[in-house]
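The letters A, B, C, D, E and F name the chains in turn, as written, and every chain counts its residues from 1.
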Amino acid sequence: MKLSARNILEGRVIAINKGQTTAHVRIEVAPNVVLTASITNDAVDDLALREGETASAVIKASDVMIGKQD
Amino acid sequence: MKLSARNILEGRVIAINKGQTTAHVRIEVAPNVVLTASITNDAVDDLALREGETASAVIKASDVMIGKQD
Amino acid sequence: MKLSARNILEGRVIAINKGQTTAHVRIEVAPNVVLTASITNDAVDDLALREGETASAVIKASDVMIGKQD
Amino acid sequence: MKLSARNILEGRVIAINKGQTTAHVRIEVAPNVVLTASITNDAVDDLALREGETASAVIKASDVMIGKQD
Amino acid sequence: MKLSARNILEGRVIAINKGQTTAHVRIEVAPNVVLTASITNDAVDDLALREGETASAVIKASDVMIGKQD
Amino acid sequence: MKLSARNILEGRVIAINKGQTTAHVRIEVAPNVVLTASITNDAVDDLALREGETASAVIKASDVMIGKQD
């Protein structure tokens, strides 16, 4: 499936931390550039997500803010 | 200000495209890794955002999805 | 690509309304059940989205609220 | 209350799965068309939400992405 | 309709600024405490929203970040 | 860091409720005007967030809906 999301960053899953219903997944999209996703445990299971494998972080443009040093 | 957002990726502003109320800003956070943000024109003005300068993409973990090739 | 998003609803594109940078796309996912998506014009172009064709509305579970009649 | 949200889909609550602070609620908005919402446990309690009853999934247009088969 | 959203702040509409498809609405929820909402023009019309009247800002808890001064 | 987010409301942390991976933080931004944020436990720890101290709720304009009494 092709997506409207402007941000699809491929990387390597470096950590999966499951809670009771929600999991935090960390993807390294470039050396030392890591994105953390908070997704459902069900999603982790459905994707059969495992550390070390390739996956993408998908982010809608309207969910990205900009920050600038004062 | 320190933020709860898990994802704060510093990079270089490579494009600013303003619409009537909403602007799209592109930040290169690593070579060939670009994030697009959809923010208000007012925000672009308040931050005095300009192409070429350093800025960060800020994203809440709950706004990041994971995709995996079939 | 397989997605972590819990909500992927296939339907028919029944309307595309472009603004200057943002477009509104309506997808009928069941008879008289319509979802409206606000996406970038760029996304509409990249997907070559056209009225009448099949597409899916993709929504993260954390972006869905619940309402109940009083 | 009338809402600005473009997407208010009425259906039947078919599952409520509570975690420690976050719950997943599934609403069937048309035959075999199910939306999953991730909301706080407090919200489940405040709404006195129960399986089998009528409720609505409420989604902002800016939180809906579009996907299209390649 | 009663909502799962943890944040429903009533106030006075002090500004409505329409773009081509998206409008920015400002609501004063306490003296000098103002929230800006980016909603569709269609939503402004459907709600017949006018400056000076009472309305509420509705925000899901998962869309609120926390910032703290260094 | 200066942020593009239109909504940065300073207040006092009145409650922190941690789950297994996700915490709910309540900030009083004006007398009896309270915002609830759902953030990661990691964020609570990184910010060394404590009840009674000053912090800000940060919300993107595109995450704010408007409601109006019928």
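Convention: a contact is a pair of C-beta atoms (placed from the backbone, for glycine too) under 8 Å apart; a residue touches a chain by one contact, two chains touch by 3 or more.
Note that this is a predicted model, so its numbers are computed, not measured.
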For subunit B versus subunit F, which are copies of one sequence, does the interface use mostly the same residue numbers on each side, meaning over half shared, or is it different? same
Larger contact count among E-F and C-E belongs to E-F
By Cα centroid distance, the chain farthest from subunit A is E
The distance between the C-alpha centres of subunit A and subunit E, rounded to whole Å, is 29
Using mean C-alpha positions as chain centres, tell me how far subunit A is from subunit D in Å, no decimals. 23
Between the Cα centroids of subunit A and subunit C the separation in whole angstrom comes to 21
When you check subunit D against every other chain, which residues touch at least two of them? 1-6, 8, 19-20, 22, 24, 36-40, 42-43, 47, 56, 58, 60-63, 65-69
In graph terms, with chains as vertices and touches as edges, which category applies: line, ring, star, complete, or other? other
Touching pairs among all chains present in the structure: A-B, A-C, A-D, A-F, B-C, B-E, B-F, C-D, C-E, D-E, D-F, E-F
In the complex, subunit C touches subunit E at residues 17-20, 22-24, 36, 38, 62-63, 65-70
Within their complex, state which residues of subunit F touch subunit B. 1-6, 8, 37-40, 42-44, 46-47, 56, 58, 60-62
Per the contact definition, I'd like the list of subunit C residues that touch subunit B in the complex. 1-5, 19-22, 40, 42, 60, 62
Taking the touch rule as given, give the residues of subunit C at its contact with subunit D in the complex, in rising order. 3, 5-9, 24-25, 27, 29-31, 33, 35-39, 43, 47, 49, 53-69
